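Labels run A, B, C and D following the written order; every chain starts at residue 1.
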Amino acid sequence: MNPVNYLYLAALLFTIGATGVLIRRNAIVVFMCIELMLNACNLAFVTFSRMHGNLDGQIIAFFTMVVAAAEVVVGLAIIVSLFRTRHSASVDDASLMKL
Amino acid sequence: MSFPLLTATAALPAVGALATAAVPAARRTTAKWLALTVSLATFVLAAVIAVRFEPGGARYQLTESHAWIKDFGVRYELGVDGIAVALVALTALLIPFVILAGWHDADPMETGSRRWRPTQGFFALILAVEAMVILSFEATDVFVFYIFFEAMLIPMYFLIGGFGDRAHEHGEKAASTQRSYAAVKFLLYNLAGGLIMLAAVIGLYVQAGNFSLPEIVQARASGSLHMATSTERWLFLGFFFAFAVKAPLWPLHTWLPNAMGEATAPVAVLITAVVDKVGTFAMLRFCLQLFPEASKWATPVILVLALISIIYGALLAVGQRDIKRLVAYASISHFGFIILGIFAMTSQGQSGATLYMVNHGISTAALMLVAGFLISRRGSRLIADYGGVQKVAPVLAGTFLIGSLATLSLPGLAPFVSEFLVLVGTFTRHPAIGIIATLGIVLAALYTLVLYQRTMTGPVKAEVAEMPDLRVRELLVVAPLIALLIFLGVYPKPVADIVNPAVRQTMSDVHQTDPQPKVEAAK
Amino acid sequence: MSTAAVHSLWTTAADPISKFQAPKIEYGQLSPTLIVIGAALVGVLIEAFVPRKSRYYAQVFISVVALAAAFAAVVALAAGGYGTTKAHIAAMGALAVDGPSLFLQGTILLAGLLGVFTFAERRLDPEAHGNRVDSFAAQAASAPGSESEKAAVKAGFTTTEAFPLLLFAVGGMLVFPSANDLLTLFVALEVFSLPLYLLCALARRKRLMSQEASVKYFLLGAFASAFTLFGIALLYGYAGSVSYATIAQVVDGTVANVDPALANTMGNDALLLVGAAMIVMGLLFKVAAVPFHMWTPDVYQGAPTPVTGFMAAATKVAAFGALLRLLYVVLPGMRWDWRPVMWAVAIVTMLGGAIVAITQTDIKRLLAYSSIAHAGFILAGVIATTQNGVSSVLFYLAAYSFVTIGAFAVVTLVRDAGGEATHLSKWAGLGRRSPLAAAVFAVFLLAFAGIPLTSGFAGKFAVFKAAAEGGAIPLVVIGVISSAIAAFFYIRVIVLMFFSEPRPEGPTVAVPSPLTLTAIGVGVAVTLVLGVAPQYFLDLASQASVFVR
Amino acid sequence: MENLIALLIAAPLLGAAVLLCGGRRLDAVGHWLGTLLAGLSFVLGVVLFTDMLGKAAGQRAVTQHLFSWIPVAGFQADVTFRLDQLSMTFVLLITGVGSLIHLYSVGYMEHDERRRRFFGYLNLFLAAMLLLVLADNYLLLYVGWEGVGLASYLLIGFWQHKPSAATAAKKAFLVNRVGDMGLSIAIMLMFTTFGTFAFVPVLHSADSAGEGKLTAIGLMLLLAACGKSAQVPLQSWLGDAMEGPTPVSALIHAATMVTAGVYLIVRSGAIFNAAPDAQLVVTVVGAVTLLFGAIVGCAKDDIKKALAGSTMSQIGYMVLAAGLGPIGYIFAIMHLVTHGFFKAGLFLGAGSVMHGMNDEVDMRRYGGLRTYMPVTFVTFGLGYLAIIGFPGLSGFFSKDKIIEAAFAKGGAEGWILGGAALLGAAITAYYMTRVMIMTFFGEKRWQPDEQGNEPHPHESPGVMTIPMIVLAVGSVFAGGFFSIGDRFVHWLEPVTGHAEGNSPVSAMTVTVATLVLLVVGAGIAYAQYGRRPVLAVAPRGSLLTRAARRDLLQDDFNHVVLVRGGEHLTRSLVYVDHTLVDGVVNGTAASVGGLSGRLRRLQNGFARSYAVSMFGGAAVLVALTLLMRAV
């Protein structure tokens, strides 16, 4: 099977993730969409790695996971503290600062 | 390496400014005397420059040159030609009078914090302006000139916005808003001009690779530096725009009436008699020398604009109800004459223009400062609030009259010489323009005499009945200026001799020769 | 079927494991980064083991020492010629040790140092229950206004974690401009972003805004880094490698051995163009270029002002460093593709930042927009694609970062009952109340406006000059026009401070400790020195303006 | 000897400086000091005159070079004085009459607390006027030219507390400025044509320049002359100038300054000779003005304004003569001198009358004064006879010659001009007789003024009567003295040149015609004012009378067209400056601000919309990059 299809899939996932970021209100969901985008990137890395026949892409995928994990830690911390203050995880509620 | 006279002349007021600013809040009088002393010492240095300068000698004299910013091709290069000498002397001459006239203008009105020191600030700023103006007259490096040309806006801005007339017909609140409007307008106009010029300065660097005026002029003359016609024109426009804002030339003039109207009289003098001269001076030194071809190309338009300035400014002066704004529009008209003289491209015109810068400085100072004394007595700038002053304060009225007569350039007073030279210089090349410009002298008589009649003559108004006549300090300010007006009107030769060689140089830079008379007169 | 054959259905013989050779790491040349990261780790340990009372001092001490030491190391490396002659690529091609990286690392470290000073300031806020407090929340975890927060305040807690976080961020920033492969770039990006997300949330007062700023910054930042990562993936796909050198060769078509797979992907320019565009977008997000700037005002406003100052200065430096390296080392081959795009970005950034700033009413937002406009000016220098361009950008960054930190430090001083009085209307007549503070702030504003004899002018001149020499005259013209517009709102603040009547209930200027004073003083000094006698630093920048590849 | 020339000017200049800067401590002696210095200058004049008489006619012109004034490349203006017969004539007239009027003013201004300043101004005027006539180049002449303008401004407006006086002064200066414009343009034309504007080179090489240029120069000079000498169309200021103290009217607005125009034209004779068109215009202006002034003079009830009209008309004669070229120049100057005597005398007489009548100027409030102030009556009467040209008195000689010369121009022009001159003579006789009768004959018509204090007419003190007597003597004998043996002609010929015109009508006929018309005019006046009582309030009068009372509506024209129009123009310009020129700038600023406000709304605080913009931005970025590769 032509590995290029995996790239299309990756692009699709990335787009889905991005769209999710744009349309979903709940911070957690938004955040998950971002994770989805990162994983789309991983898929792309792995695919390219397979195409070029070198391991860099797969290594990078691991790095990405670690980074994503770190992001989860920080992100959840922030979002939770926001939730505890406002008792809502909606991104749109956090709009004190504007103009 | 001789004594850096030019640097010293600028450094002295700069240091003086810092020292004045550092004077403790309570010691107001000390600051005043310090500033006055410094300004007088500066005048002495300027006098030394004028003496050391040899009219016959090299084009730029007393030159100094030090490496400054290699990466920008900038050298700290100073040097004066006759025109610069005249204007440096004028600046150094006027500042003491400005300080003396503004002696009480900055005594604090409201109680700020104990660290709030308006008086110190006022005089320090004046000295700072002096330093920067002098440096911009002395700089022979375009970049150095540009730096001080721009930097002087800041102290000027604070002087205009920070200090207004004691009493104001609309009350202090309105006054301060009008003041800051005027200050912002002044700054933005000139900053915009300066930034446009910045683009041109950079463009010049890209073309020439350095900023040294003499080198560039030399390179252009020898053909080793060639500029495409369009490039030269764009650069010229970039420079000229900034100077036309500063000068100011119609239609870029509207900041001047606001600034001069809202500022105290001494500051107004500083604006019109000193700072604005940098604009006209720079046209003569930079526009013509760096871009001779483009200057010739632009001459027709500029002459027309100058003509409009002359007539337009005079007509608006007639229409003013505010003494200071009237003087401001009169100045616009006069700047029209100066620019006319510069771009008439005749030696009479350019010598006249240079003399005009000096004379206009002195005459406007005389008129404006007396007007300031008048206003400070009555607390109103409106012409309609005065009347019959001549009866209660004859000396004030007399000096005011002489100032007015100088403004309408009465023969025998200095401005006449320069104005006539400008007119003749213009007439020889462009008769029509010369004749229309001559209308200016009629209008000048109109607005000055109307001003004098409305304020000084007629039955004595109740509000002015108690008005005291000029005090000693004020007389000390006005008398020397008037004496100078008369002296330079009767015997302008000393200044003319210094100026002429420089003008001849400039004429040759722009490859121009005076038109010759049709008939060889029988001698 | 034979057993062997069956056996082979689910097993296969592995190749003998070949010898794994250890990577060669030039610890000496990486010492600045290592010192800072190490100090950060120590800081974490301090949080764990040192009693609460003395943590603050320990943290400040460690941070200051570490940053100073790291700066010393940078200077030593530069003196050792690693900036010029001995410049090379260290750590198995992961990090470049060359002029730009050392120059920028030095700048970042100094910015970090001043940042630590402002972080450590504890004289501005009134004492809470007899404890001197800094501008960070007593306990970030406890919800604003909750009992636990009150308790924490009463107990005199302080978030001393701020210091290690700052060190981590600095560490990431040090790597960012010297990263020499895309992976390192990405990791460094995250390493310095994540601590900043947290720092934004730590304000002691106005915590709602602080948290909001943090969440916005985090979500948008993560969003942006996702794009970057995808771009990296595409570029990797295009070149088959993430190392700058290799990609550059592939882009130039000068790569040595082309295997069929590479030949196949090389043919596909879409990968290259889209990938490059997405990476650049991630960096433009960090430098706050229009249209990726929208987080800037909110975050700058909400974050604790010391953090804002540090962030505004250091992040820009690091991000522009990375951008320069990417464009000059990796993508010079496709200059003709990205220059026009950068033109467009620079223009909208300059104009957009300047124009929107005119109507701002909050000083911190105002400075945010001004930083956007400045990003535009710097981009003009980036576009020059000449050595002068590089040096001018380096110089501009150095000049700008000090002005920024100083300006925000002054903002922290102007306070009323509700903490910092950032609304412009409250600044009316400040010049009458405390002329000195107002004068200092005016100096910074004039530098932002690019008035001659300030560092701002020298920087602006250098950048525009480089751009003009690079043939971007129109850009220069637009640049001067937008700086004229920008001048307007800087002047507005000055008018407000000096020419309008002070309000009776207006804010007062708190007297800070020597720490903040140092930050401000250094800011002023650098501003004036770089304005009056910039030659030495220009030399430095131009010496440091050669990338190693 | 020629080094004394500068002193001529220096003496009164010094006086002006001392008196104006001296302050109150000089109040006691100021007037005498001023008079003394004026007299000194006159003595110097006489000395120089005698010295000049000692020389041969050819060598009489002397110059004194003081210093180089404006040295600029190709433009050399020096301060050099030139004293020849022409300027000498003026020097004597100015200093002589001037000294007399100084003396007179001592008495006339006795009760004015600002008398010191008055004398300062008078001295200033003398200095400027002497500079005018002594300058050896047009630019220096211009200095004097505006200097006398300034002095006249100060003196007309001397009683500044009266708005009317201040306005009159301003008006005089402004109208003169229009003339000065002409002079400066003339100078510029000379500079471009000859490369210099000194008398000798310009006038000697005049005919080598094109006639067109010379005509232009001539017309510009004429414009200047019109301004200074109150010739149509710039005459309107002279009537108002009577607001000034009477001695001023006598000295400046009768005897000396207003004749400067004639001096200018005669001095520039060489230019006019080569530009016949310019000459024609000059004659026309002169003729029109002499009728205009005469008609105005007939209608005025204010004695000074009546005399002012007459001055205008007399100067019209001079200008007419000067326009006739060499045949007229000398007679123009001669009439100028004689007019200087009798008109000054008449004004001083009028002043003396006012002095006795509580400054009443309305002749309808006079009457029968001959008994109350005999000396004034006699001197005034002699002046009257002189001006109407009574045979044997000075006016007779000078005016007669002019009329002859006018006819001598020949052709239709000659007839028209001559006719106008004759008619003028008749009208002169009419209005002067009218003045004479209304003032000194008939029964007394004065009533108490508002304050109710009856005027008590009385003869003026000696300081005032002596000058009047001296001038009366002059006005009787000067003409004869000049004419016998054509003294005056020979005196001036070397400077102005002279030509005998051949008149179509014999001199005798002209003289007879003049005398007949004189009798007619005087007779009509007698019939109107001598036979029946003069009404104390002016009758409405015919349309012409009413027009004449308003200076033939010329002033109203100015007011409507220039003043009103000017006001509208400036007001609209102020509006334009504020709304248009300033508006453009402020508009730009405002529009940028508005744009800012609109862009600002994009920053709506919602993280997701920010994300949208980023996403869009990324899309655009990618698209652009691809596009760049595509193109």
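Throughout what follows, contacts are C-beta pairs under 8 Å (C-beta built on N, C-alpha and C of every residue); 3 or more make two chains touch, one makes a residue touch a chain.
Keep in mind that this is a model prediction, so the values were computed, not measured.
Participant: Can you list every chain that touches subunit C and also touches subunit D?
Facilitator: A, B
Participant: Ranking chain pairs by how many C-beta pairs touch, which one is first?
Facilitator: B-D
Participant: With centres defined as the mean of C-alpha atoms, identify the chain lying farthest from subunit D.
Facilitator: Result for the farthest chain: A.
Participant: Measuring centre to centre with CA averages, how many angstrom lie between subunit B and subunit D?
Facilitator: That pair's centroid distance is 37 Å.
Participant: Averaging only over C-alpha atoms, locate the centres of subunit A and subunit C and give their separation in whole Å.
Facilitator: Taking the average C-alpha coordinate of subunit A and of subunit C, the gap between them is 23 Å.
Participant: Compute the distance, rounded to whole Å, between the mean C-alpha positions of subunit A and subunit B.
Facilitator: 65
Participant: In angstrom, rounded to a whole number, how far apart do the mean CA points of subunit B and subunit C lie?
Facilitator: Using C-alpha averages as centres, the distance is 46 Å.
Participant: If a residue has to touch 2 or more other chains to count, which residues of subunit D qualify?
Facilitator: 589, 600, 603, 605, 607, 611
Participant: Where in subunit B do residues touch at least two different other chains?
Facilitator: 188
Participant: If you look at subunit A, which of its residues touch at least two other chains?
Facilitator: Each of 18, 21, 30, 91, 94-98 in subunit A touches at least two other chains.
Participant: Quick one: which chain pairs are touching?
Facilitator: A-C, A-D, B-C, B-D, C-D
Participant: Going by the contact rule at the top, pick out the subunit A residues touching subunit C in the complex.
Facilitator: Result: residues 7, 10, 14, 17-18, 21, 27, 30-31, 34, 37-38, 40-41, 44-45, 47-48, 51-54, 56-57, 59-60, 63-64, 67, 70-71, 74-75, 77-79, 81-82, 84-86, 91, 94-98 of subunit A touch subunit C.
Participant: What part of subunit B is in contact with subunit D in the complex they form?
Facilitator: Those residues of subunit B that touch subunit D are 188-189, 250-251, 253-254, 312, 315-316, 318-320, 347-348, 351-352, 388, 390-391, 398, 405, 410-412, 416-417, 420-421, 423-424, 427-428, 431, 434-435, 438-439, 441-442, 445-446, 449-450, 453, 456-460, 490-493, 496-497, 500, 503-504, 514-523.
Participant: For the complex, give me every residue of subunit A touching subunit D.
Facilitator: 18, 21-23, 25, 30, 91-92, 94-99
Participant: Help me check something: in the complex, which residues belonging to subunit C touch subunit B?
Facilitator: The contact residues of subunit C facing subunit B are 391, 432-436, 446, 451-453, 457-458, 461-462, 464-465, 468-469, 473, 476-477, 479-481, 483-484, 487-488, 491-492, 495, 498-502, 533-535, 538-539, 542.
Participant: Which of the residues in subunit B end up touching subunit C in this complex?
Facilitator: 67-72, 110, 112-113, 115-117, 146-148, 150-151, 153-154, 157-158, 161-162, 173, 176, 179-180, 183-184, 187-188, 191-192, 195-196, 198-199, 202-203, 205-206
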